[in-house]
Every structure is written in structure tokens, then in C-alpha cells.
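As C-alpha cells, here come the structures.
In the two assemblies presented below, subunit A is common to both, partnered first by subunit B and then by subunit C.
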Partner chain A sequence: MDVRSAVSTPVTQYTTHRRSKSYGRTFDATSRFCYTPGQLTITRIQTSRETAKARKITDKVDPEQVALLVKKEWKLSYVTPLYQFRHTKLKVYSRHLSAFIMAEKQQGMAVEVGLEAGFKVTFSTVLGMAETKDDAETVFIQIHNKPVFASEGDAPKVVWSGWLTCINGDPEYLQALPPEFVSLPLFCSSGAESLTFLVKSWFERTFDCSFGSMGLDPTDLHWLAALWTGCHSENNIRSLKLVWTLPSQPPLDVSLTVNAQDAWDLWDKVRQQDSTDNSISIEEVKRFITGIESHFFRHFKVYLSAGVLKKVSTALGSVHLDGKIKITCSDYMTTVLTLLTECAILKMPILPGC
Partner chain B sequence: MTEASILPGLAGAADCSNENDSSCSDISNKSLRIAENAKKKRQAEAPLLLALKYFSQVKTGTPRNGNDELYGYLEQVEREALAQGLAPEAVSIMLEFAMSLRMTSAISSRVLRFLIPASVVPQEAVVRGFSWLCMQKLSQPTQVLFLRWVLSMFDMIDSKDNLRAIYGFIFSFVIDETMCPFICHLLYLLTLKEHVKPFRVRKLLDIQGRMGKQPFLMQLLALYKVFCPEMVTLTMPSKMKAGFKNHNSTWKVALAALRKRNISKETHSMELTLGVRQHPHRRKRKFHHLLVPALTPMMESSRSNSRKGVCLQQLSSFAELLDNLNSIELPAQMGSLLSSALALHYLDCVQDESAFLRLNFWLGHALHEEFLFGPVDGSSESMGEAAHFLSMLVSTQHFLQEGFSSTEGFLYKFLTMWDGFLHRPQILELLSDIPLVPSSYIKDVLFEPLMQLYFTSSVFFKCSVIECLTSMLRKWLTWHSVCAQEEGLDISLNNRSTMSLSLSGFLDSVLKLVQFVGRLTSVGLQLERGHTLLLHHALGFYETVSDMFLKYSLPLFVMLPPGVFFPALLATDPVSIDRLGYIMFRYRQNLTSAKEQQKKQRELSLHINRSVYKEFNTYLVAMVAHLWNSKSFSPRTGIEVSEALLERTKVADYSKSFDLIHHPAFLNYAIDFHQQCWPERTDVDLNSIKVGKYWEWYVEFLFTQGFDGLRDFIKVNINQASARQSIGQPLSQPTQPSQPTAVSSPSS
Partner chain C sequence: MSLLFNIVISVVLYVCFTSLNMDDVARTLLQRTLRKIPTRKLEETIKKWSHLSRRQQQSLNYTQSKWILLQKLVSFCEDNELTVRHVSELEMIYCMENPNLGTWKACHLTDAEDDATSLDLMCFKEQFKSHLAELTRNVSIKIKKHENETIWIRIAWGENFIKPNHLKPTYVVHDLQTPYVFICNLSSKNKPLLYQTLVLATKHGSIKDAHLSGRNLHAVRDLLMGNYHQTFPTNHQRPLEEMSPPPTHPNIENEHKEHAEKRQQVACEAFGEGKVPKLETATYTLETRFRGGGSIDTLVDGEKPFRTVVQFASTSLLESLHHCVSSGIADAPVSPLLSSITQKGRNYFVITDKADR
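Moving on to the complex of A and B:
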């Protein structure tokens, strides 16, 4: 009796039949064990990254579109993968989202009068933003509004804008997703909270995804402070402004502005100890921040390390611990967005497949 | 109009009093007394009805000062209104009373201030209110109060067509400067296109000319302009402040409290009945991630193919589900399948991987946001919501008989930060649903965090952890036995080739789990000084472990640790010993049956470690020596204590102290038995039970007390025939236990 075939055939049949709800954990005994502990944390936390190199992003991407992304403060959220999202259907989405917003706004009202009438939504692709072949193209959304009683000449005003992006997303994670899903894990929004809510609801209902607000980690802020400071030799950062919150009663905010050249000198000193050119390690970043903190202690006898770094700002951009970011200089956009994409993917609740 | 006709209950009360009046003349005293009693009874039942009756009948001009009756009733209604809200009929009566100004304005405004409807406000009451308003008798503050009341309760008015019918009357009040803002607001809410008339527009513009560009006038005019742009030539500012002021301050608190009470009254049934589960009424939370989305069909734009199927929400019965099973379309949001039991049935048949990925993304997100990322919201309402969500998840997973992988991933993270208290029942239930964890990291994700919680928590938490792990083990074993059958993965011993990696992996994990629980229970029992409840949970676990081979066809034998065996053997409650007897009985059955199979097949497919037999025999010897042979503490019985130490205890015959007669757990049975045998004897000599037939009778007596485990143990392990021969020394050698040991050696 050929035991092997008699046994293995039903196994495979059963597997395809049953491989289901506990995605990645199935009844098939052999595949159950390919689950490794590394996957529980989903993606590894980066301990080193490339230095920020100035890159004229406007060479690759339409400058007009880049202009829409910079110099505005964005509220960050993460989004789970979008099911059945198609970049080719943006026109349809524009129409549907407009209709959805109108319907929601008019709920419970006989007729809406006043400011909030006549919403128009436009979806567009920001081509050229993607860095790797796994990155989906960035999608930009704008909501225009024209008041009912506006005079003829009034142009519709942009009341809300937002975009979904993925820059240098973890390839292992992106490739594990079935093709029906598009992962644009980072969502930036700017505009009325109520409209953000409606846009999120529409996305949740249409693409079966979920949004969560994305607070940042102090370590992320450390990274950005170091990355931006490292750019000073190419692009003047003017100054490095840092704000800490100290856990005293009442909480004490300490803001420190470091002269750009001084910050760069410190960074350079910290860097020189490592020979590798293109990558920065987390140790270097830690040394840099510790350097600033101990300098502050020498003068004011206050341990900043006891508090939490809340805000970092330079001429290249600013970032807040609650998940707000402003990119002023488009040349370093890719570096910042790579870091933020990574943070967003870290927030993903599950890792598909194995 | 008689008020009695509005209020049926009140009509009854009115009848009663009429009957009472007439009865004085022509009905006998007896019936009078009965009527009086009935009246009293009804009074107690419905003091509110009497109060309402009073207000519906009280005449204009009734003196107010010193009228205790009035104030008593007023307080009665007020209390009721603020506590429960008033029924629609009661609202009508009280509004009528206030607006008709039968007492003073002060009383009227007091009534309006507490006029909180329980459900709806009858439209007719409001219309009558306006007719009273037209009489122009009310003071200005009362008029405004009435309008504010109408605006605040507007959403609760049952229908608005009759109010729209008197649009003209209401409009006529706009000329009153104090009432104008409120009237404008009300008109704004009532206006339909046919209400917009040139004369009204002119009137409003006229007033605007007098009062200036007041926002309420502008709002109303803007609405008119939307309906009939040709009538309103006025240019509206493109930036206009939207909305009217809220006027509900007087009733805000009471209404909110009422709403809250109504919500808490709704009980959420967790039963998996057919049909769509109702969403519990929720407050608008800032975070809505615990809301199970509603079943909605996919949008046309995102549909992958044009084939149109049946939407789940169109189905209402299981039969319909079966008929349409192949053409059902997945909903827009997979999470919505958790909202109804019918959908869960469908979920069980879904085979689309993407669909489960969607579901897991949604569920994982909800759990992460609520319990890992979100700020801690300790309010009882959000705690209740979270508990409700988790219970829903528990019952869903039980229904599907499988845990979601997103739940699993979440639990691993949550365990490391759990305090062991938050939503304990649900978390432990979910934990027990975790599918088999590979042995390579079971320690890191499961054992380490659980151990920390276990050893730092109360004995009751320890019990629930052991219970949870028992249930987990059972689910793993059940999965294994079902899977082995369904997959044709024959793990029975004649087939060595199928003893694949997967089986050994499975065995590894189960072994790790059993060993882990062994450590937990041994140390836990020591820490808790052999707490009976904990001991029982430990024994419950080993009841499953001892039966793994026969019940779940898993060739794995792990004996219970001494840390559980001896506390159970020396326990002071007979139930522990009975359960221990049952466990030893099952171990024996499993080992013997494995041995037989092994012998039959002469193959080395089933390897049982010799040490298992050795351990089993040691326990068996110990148990027989203690319970049967009266040889406690003698060498080779497991517990060896130096004689010097035993003598210091001053127990005369210590070797007997744990036999079935003297064991603290059975002592009262022995005394009971002794009394039944020799009812006339006053001195109790328990040793006499050991003599001759009495010992057999005593053992039989014990069996009749429900110690089935003990009976099974004794029947299998002790040769009763030899017991009969050797009088006074009930059986020496456990006859069979040595056999397994003997057989195991050649096979290895």
C-alpha cells in the first residue's frame, strides 16, 4: 500500500479547503509551524538607516503636486491595507466621496443652509513618489467647498486635504499581502476634524480598512533631529529647536534652541567615531541627543533625559510627538516619509501570511 | 373634552371615586368598606394617577396659598418626571394645566421646567399649547419658556403635520420682539416650500429693517431663499454663521440623565439567536473602533466582478441562507459579519483568504486601538463597552470553535502588559482559544507573562489560570483528534511514516504545556498551602492529561508531579482522593492499552519512556501502601520520614494514620460505619473495622458514598481475592502495576 500518497492527498485538499479564518494559522499541521517569533512584532525596529541625502524630488514628481505636500502641518494616521483599491478608479471615488459627504452633512436636516454646502472632492495620484517597486503610488485628496450664497466670481475653496502614501515600505510585509490589497499605510490629513472623520468613514466602508491615529515615539523624534541636523552641511537648517516636557507638578516645558552650526559640530563629532558613511546607527543618534541633554545639564542642572522630547523643528521641517509633521523642504521628504511609513507599518495589527 | 378619556388609567381612578360618592346613599356599609379598600389599594398603586387627575380637574382660581394638596401633587409629579419622565398622556395634562394658567404664572413655569417626557410628546398637546398662547394671557417669561420647551423637545414630538398646519398662527408671533428669535427657530424647523409666501418674506424683511440683521432672521430668510430664490432678493453674506442657539439649558441635565437610564435598561443578550443582533445604543465616542460595522453591500465601484449576488442583509432565516449559499456576496466590511448570528453561519463557510485577512485586520485594529494604543479610559461606560465587545468575541469564537489569528497576536502583546484584573474572564476565555503554539516560542509568548501574573496574584486568579490552561489543552487535543481523523493523518501506531514532523511538533507543544502546568500547580500548591480549590483545578487538569492516549489518541504520557500527587493523597477532603484515584485509574488504562498495542505491533512506533512506568508504579505503591496496607512512611512509599522524627509527633501508630479508616478525609465515614455496625458500643475502636468481613463491608460502604474514582482505582489495582485470604492485613502487593515495568524493558 502506498501510504504516502494515500495520506498526503487528503491533507492538501483539506488545507486549501479549510485554510481560512485564522489567517496564517491553519489546521494544516505542517504550515502551522512556519510561524516564527519574529513575526509577532511584525517588523523589526530599525537600528540603522541611511543618511538624509538631498534629492530634487521635483525632478521626479510634478512640482505643483509637491507644493501641495509641503509647508502644511499634517496630522498623521495609519491605515490598514485597502481592499480592492484601484488607482485607475480615482474619478469614481471622487464622485462617491462627494456624494457621501453631502449625504452625511445633510443628515437630520431638512435643507442645509450656510457655509457647508456644495462639496467637491478630487482624487489624484502623485506619480513618482514611490521609491521601490513594492510601494504603491501616493494618492492625494482635496475637498473644495462653494457656499450656496457665494457670489458668482468666488472660486471654490480648498477646505480639506489629505494623502495616503507608502515610501520604502518593508518589502517583506508588502509582498506578503495578496494582490487584492493596496497598502498605503501612512495617512496625512489637514482640515476640519469633521471632514477627516467623514473621509475616514468613507474609506473604511469602501475599502474595508481601519484608521488609527499615529502618535510618534520619542525615539522617532531623536532620529529626525539627527537626520535633519546631518543635512546642515548641504542645506542650512538655521537652528535646531527642541521642546521637552518634564514630569514635574505642574508639567514643565523646556524649549531649547541650538545654533545650527553648533548642532552640526556636535553631530559631526558623534559621527566621526564611526567610519561608515551612508548609514547612521541608533547609537550615534543616542549619543547626539545625550550630548545635547548633558550640555543643558551643565548649564541649568536639569536632567532633560527625565522628560520626554515633544517637538523638534528646523528649517527643513518640524515634528510633534502627537503625530503632527510639517515638511518645509521637499528635498529631504523621502527620508522623513520613509521613517513615517515604517512607524505606520509597525502599527499594523497583523502580519498576513508567513 | 374630558381628561378622563385621554388617560385610561385615570379614568379608572375617576370611576372609583364616583362609585364611592354614590355608594353612600344606597349601598350597604359592607360594600362601602370594600370599595374603600379597593380605592386605598389603587391609591397606593398609582399616586401619580391621582395627582394627574387633580391637575386635569382643578378649577381656575383655586386658591394657591396654603393649598397643601396642590403642592403635594406637584411634588409627586415633579419627582416622577425627573426620575422616569412622564408618559405622553401625562405630558398632555400637565402642559394643558400650565398653559391654561389655572394657577399663577409661577406654578405654570415650575411645571414647564420639569416637564420631561419619557418617550414622546403628543403633537396635539403642543398645538393646544399654541392655542393657549394665542389667548395672550401668559406672562412674557412663561411664553418664552414654553417656546424654549417646544424647541428643546422638538425631536420628541410624535409628528409635525398639525404643527405645520398652524404655521400661519405661529408665524404671527414673529412681530413680538422677545419671542421672535424662538419663533424664527421653530419656523426654521417647520418650514416647507409651500410655507414660503411673499407676504411672509415682506414681513421678515420689515422686521429686519427694524431689528437689524439678526442671525435668526437671516437664517430663516436664507432658508426661504433656498426654497424660493425668486422671492428673496436679499444677498446673503457668503460667510454666515450657521445654526441657532441652543435653548435647552433648563432641561439638558434631566434629558441626558433620562437618556442614560434608558440605555442602561437595554440588556444586551449574548445569545446566538438567528437574526440580526441589535446594536446597543451607544454614546458617540471619540473612538469608535469597538463598533461592529453594519452589514452593507459592496459599492459598485469596488466590486471585482459584475456578477451580482445576494446580500447577506436580505436574508432573514437559516433556510434562506442555505438556499443562497453559493451566491452570497461578501459585505463591504468583513467585520460586519460578527454583527449577526446568521452571518456567523455564513462566515463558517467562507473560503476566501482575502476575506479573512480583511476580518483580521479589522479585529486586530479594534483590539489594538482599544487595549494597547488608546489612552486608558476608566469610565464605567467604556469599560462596559469593552467588556461587551470582548464577550461578543468570545461567543463568536466559541461558535466558530476557533480563535482568530488577530486575537492571538493581540493576546501575546496584551499579556505582557496585563494586570491580571482588567476583563479577566473574557481575556482568559480568549486565551484558551489560542491555537497550538509552536514549542520553540511558547515560553516567550505564553509562559513567561502568565507565570509572572500567576505567582503574584491571589489563589483565585491561580485557579482561573489553571482552568484556562486546562481548557486550552482540551481544545488542542480535540483539534488534534478531529484533524487526525479528517485529514486521514493516521497517527495510530501501526503507521510510522505518518509520524511526521507535525506530530512531533504537536507533541512537543503539548508536552511543554503539561510540564508548565505541572510547575505552576506544584509551586502554587506550596505557596497556597495546598489550597483545596487550587488542588481541584490541578486535578481537573490531570484528568485530561491522564486520558490523552485513549480519549484523544495522542501517544503522550506525562505523570502528574509529586507536588500535586502527595497533597491530593494527604488532603483532608475525600473528594481530592477520589479524583486522584480516578486519575490513577485512567493512567493505568491508558498505559496498559498502549502497552498492548505496542506488543501487538512489535514496531517501535510508540515509544513510552520507561521512567513514566517507573513514576506510575511509585505512585501506585505509595497510594496502596497509604490507603490500603497501612504502611505510611515506610521505605519505598514516596514519603520517607526518619523514625526519630515520626516518634516525636507522638502519634502512636503512625503507619496506619493514612489508611482508608484513619485518613483524615475518611475518618468520619469510618466512625459512621462503626456506629452502624456496632450501634451498642460506646467506645470506638476503629481498628475493629480492619478485621475480616468488616473491611470488605467498609470498602463497599465507601463505594456507596459516591467515591467512584476510588472504586475504579481499587477494583483495578487491588486483588480482592487475596485480600479475603489475608485477614487483618488487607492485601499486600499491588498485583498488576509491576507488569508494565516488566514489559517496557525489552521494547527499548
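Moving on to the complex of A and C:
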């Protein structure tokens, strides 16, 4: 019983001056965040980016922690800023979330299950991931479980992992947040849906935040296709694979795998047309993708524009329109996470003027 | 005394031997095969197999859980002292009824000898077995005739000192007097052996890859043999069935109808109509000059090919492509690359520019 009570009592003290569920987004009347969503999107969508540069992320961050983040497919969600989240209280959070999950799992169960057989949560900080002083440090969560019928010596298995991060978050947005909020807008999870749901609901209760699923835009996929292709001169991408789904009956999947060198040559030619060294414009990205699409059309006379680009993958990583990402090469992690952080901030609901 | 002792020993050995009347391979194969067969098809398959006595068959309760059913079946087979040969027959019967459990690759036999057309089943069977036995040792072959003239061959490959592996057999399907062979689950190591045997046994000069593959054997076969409703190009427009455009101005309606009819006609010509063979994929290796259009074309080295691999995939590819053309997702006339699937009966192509050939 005390397990349940530990959970149902929120750890935060709700004070009277706490604003309504505005998620810290209603700060400044003159800020562009208070425009209507449509205008906001137009003003905030990036039209140029820095080229992806290989950075040994393992120089700054513990390689063991980096290894936990790569080579796994993560489901993406956005999270609104966390109220009174403290990186110093991770141990307490670990205990509370363990208890919460245990309590939820025990609901409706006739038999008392000992804590040993249950779930154990660990929170940790991935130090060094943050890029700017405004970025909050990344938080990594793991859930271990010891199966009910496991023998004595069996080590608990990791059944779920997830992390919250903010890389190169919009400084104007981050600085405008009230001090009691911590913004880690990008939430990546991998593991059973039921556990993801429990973790989300614990966060929502504890930090008065809200989660939302984060589908990506075809444009985001275009950006990643171009950014990854640009890396080929430093790091072999093996091939650039693009997958479209056309709305025929039954649906038709078209996958186009471009030879790595040929894709890079094309990208290089597109880049030479207006050569600004370190930044890529959206026009260049569009020209690159359109080029590949029209090459396909000349052969098959099938309009790819009738369908939707579903997936982009290279040896450096893969991304799915439904909001799934896999980063295989940690060297370009910062670039990818910068883009995803931006998407997460853009996806958050905006409640103007409250 | 010693004679008596010997007799005793041999009796003991005999008892030991009969208690293990099914070897491990047979038991594993039996369990795997039974697990593959869905419960609703189990009764029918067991009946066809006819290696269980009538009493044994009647005592089986097919409404029981599959796990209990399997245990009972395995114990019956042990009682009947069935061997690998019997069990592989069960697998073969199931595979013949459900030939959609792997990828079938089509091969084309060429340069038929004069007497190739008069080949009969007995002769083929004999030739196939003797030729393959000459090429490799320890191979287990089973040949069965299915419907009409279709021959099914199951080959479990072994090596000099290795027993045939019955868990990964190759299946070969061939209709006598046709130039096509369909092969499922063949390793590249055994490919030359099988190809040579097939060429000799069918009395042909050579065999080559037909560049067509799919999970549905019937679809692959129907496509190659043109065994589906084909539409041939015609100047007469056919009335369009099952089309009810929203009511608009009669002129617009007419024009739309004409366009739709034209597209439908083109789609039918390229991909057949009605029930078309269920093909899953078509793959193109493009080694052609980059043709992106606009200003990029001039930038990219005209000489060098832009290497890409394009794959179309759907639960029923021809249906999807048909729909693409009739709904306007694909332009009419249909690209020759796509219509080649039906016209040439292939689903793998390597495309280069004309000048390169």
C-alpha cells in the first residue's frame, strides 16, 4: 500500500502562482511564439543548415553511454518543458518511477509479487551531449526486469530504455522559459509500448508536462538524406536508400537505392551551383531530391510525388516518416539530434495568449 | 555358453534398437514439418500421407490443442517405425499443396534436343536420379507427380562424408515438355550440380536464369506461360465497366470518360486484367546516364552512369501497377521497363543506355 501512496502523491509542490498548462510558452507578448500556429511555422522552419561535420562525440561523452544511444531504433515523441525537474534528483526519480511501474503492473493482480521479481528503473545524465549553454543535459532512463521465473543467478535484463534530450535548441525559446522549467523537448523510447505509456504518464504527473507523438515531415527526411550524403567523403555511406509508398490498390512501395559515390557526386554538383561552404540551403536539398525523382520518372513514368517518401537510410543511420530514428554512426549524432530537437519544438502545441 | 551369451546380447541390442525406432533426424524433421502445418490443414495432409493406420487416424482429435496433437502424432510415427524417407514425404505433400512457403526462381531451358518433346515421366525420373547420383554422393532424391504433368522433386543435399540434410531441402518443379523449371531454396554450391542434371535429364542444351522470382509458384508459372487474361492492343475502344463518374457537364463527362477508358485500356494491355498473377516484386538495376532534368543534367558527367537499384514491391505488383496507370499515378503510355514484366515474363532487369550495348 505504501508503494501506491508514494506514487499518487506528486513530488512537486503545486504552488498558487503556477501558471495554467501553458508549458512556459506564454512568456512574452511580443515574442513570435504568440502568433497563430500557421504563421509560427512559417517563421520558424529552417531554410538553411550547417553541413554535417564528423565530430568524435566520444571525446566529450562517455563512450559507454554513447553506445547505448546508437544502433537502436528509437520511437520519437515531443515533451513540453518539465516543471521543477532537477538533474540532481535523478536517484529519487529512479525510485519513484520504479514504484509507480510496480504499482501499475500490480493493479488487478491477485498474487503479491515481490519487488525482486519486478522492475528497476535507473536515471542517468549523459554528460557532454549538450551543445550550447542553454541546452539541458540529456537524461537517460533504463528499466530492468527480472523475469518471474528467473533463477537466482540471472541478471536483470534491460527491457526498456529511453532518453530526453535537447541539442542546439532554439536559444530564444529556451532563454524565454521561466527558470522553474527545464526543456528536454525530444523523447526517444525503445521497448514495450505499455512501459513507454507508464513512463510517459509518470512524467506527466510528476513534472506537469505532456507528450505527443512526433511524426516527421518529408522535408525532414529530405534534409537528412542530403546531410548524410554530404558525409560520404569522410565516412562511407554505402548507399542512399529512399522508399516511397504510392497510394495504388494495393499500395505500391518503390525503393530507390543510389550508389554512394554517385549520390555524393550529384550532391556535390548541386552544391557547387551556389557554393556557400558551411551552410546548406533548402533549395539545394530540394534540387537534389527532385533530381533523383526525375531520373526515376524518366525511366518509369511513375509520379513519385503522388505518393509519400516514407524512409531514408544510409550506413550512417535511418529515419522513418512515422517518427523513428536509428543512428548508426555517432560521429554525426549532433547534426541529426539538432534537426530532431528543432522538429520536437515545432510540434509542441501552442496555446496563444493565456 | 558363449553362444547363449551372444544371443542374449543381440536380443538386448535389438530391444535397444527398436526402442529408438525413429532416429533424431527423422524426429526433428517430423516435428518441424508438423509445426509448419496449420491445424486446419493437418487432418487432410495426414490422410493424404497414409502412413498412419486407420485406427490411429481415427483416434486423433483435431479439436485438441496442437501441442497435444503433435505429441500423439510423433508417438504414432515412432510406433510405426517411420524413417526419414517417410517423414520427408509428409513435408513434400504439404509443400505441393501449399507452394508459397519460399521464393521460387524461374529458369529457362534452351536448345532442346529432338527427342526432348517425347520425354516421359519414367524416363525423366530415371535419368534425373542417375545423373545427379553420378555428380554427387549422399544425396536423397524424391520425385512425385502432381496434377497432370507437373513433376515435383525434393532434394536433400549431403557431401562425401556428410549425410543428406533433410532440414533444408531444395524443391524443383517442372512441367514436362515446357522449357521452364522452378526452383526453391537452392544454395549456390549445389546450383551447378542441379543445373547440369536438369539439362541432361530434360534433354536440353543449356539452362539459364529467367530473371523471374516470387513467393507464389502459380503466379510465377502463369506469368511465364502467359496463363492469364491478356488484353491485346486494339484500335477499337472498349466500353468501360464499373465506372460511375460524378455527374457534371456532359461534354466534360465524355472527355473524362474517354481519358479514363484510354488509361484503362493501356493498363490492361500492359498488365492484363481481372485476376492477374500475384507477383510481389520487380527489381531494376539502372546503369544509365543521369537524367534529372533542369540544370543538373549538364553538370553531372554525361559519360558516367548514375547507378541505382529500383525495387517495386506490393502484395500484388501487377494489380498495383495496373491501378497506377488507370488512376494516373503513372503516365500513359506505360514505360517499356514496366510493361516488360508481363511481355518478357521477368522481374529482374539490368538497364543500360543504348550506346553501351
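Rule of thumb we're sticking to: the second predicted complex is superposed on the first by the 301 of 354 C-alpha atoms of A that agree within 3 Å, B and C clash if a C-alpha of one lies under 4 Å from a C-alpha of the other, contacts with A are read in each partner's own complex, and residues count from 1 in each chain.
FYI, a residue touches a chain if its C-beta (ideal position, glycine included) is under 8 Å from a C-beta of that chain, and two chains touch if they have at least 3 such contacts.
In this text the structure is predicted, and so the values were computed from the model without any measurement.
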item	value
Dominant toucher of subunit A (residue count), subunit B or subunit C	B
Subunit B versus subunit C as contact partner of A:G212, first or second or both or neither	first
Contacts of A:H295 with subunit B and subunit C, given as first, second, both or neither	second
Subunit A - residues contacting subunit B, complex	3-4, 6-7, 10-11, 14, 17, 19-25, 27, 29-30, 32-33, 35-37, 40, 80-81, 83-86, 89, 92-93, 96, 110-111, 113-116, 147-151, 154, 177-178, 180-181, 204-210, 212, 215, 347-352
Of subunit C, residues touching subunit A in the complex	284, 286, 288, 290-296, 299-301, 304-317, 319-321, 323-324, 327, 329-331, 334-335, 337-338, 351
Footprint of subunit A on subunit B - complex, ascending	189, 191, 219, 222-223, 225-227, 235-243, 289, 293, 296, 298-299, 301-304, 332-335, 347, 350-351, 353-354, 356-369, 373, 400, 402-406, 408-410, 412-413, 435-436, 438, 440-441, 444-445, 479, 483, 486-490, 495, 497-498, 500-503, 505-506
Contacting residues of subunit A [partner subunit C, same complex]	246-259, 262, 265-266, 269-270, 272-273, 287, 290-292, 294-296, 298-303, 306-307
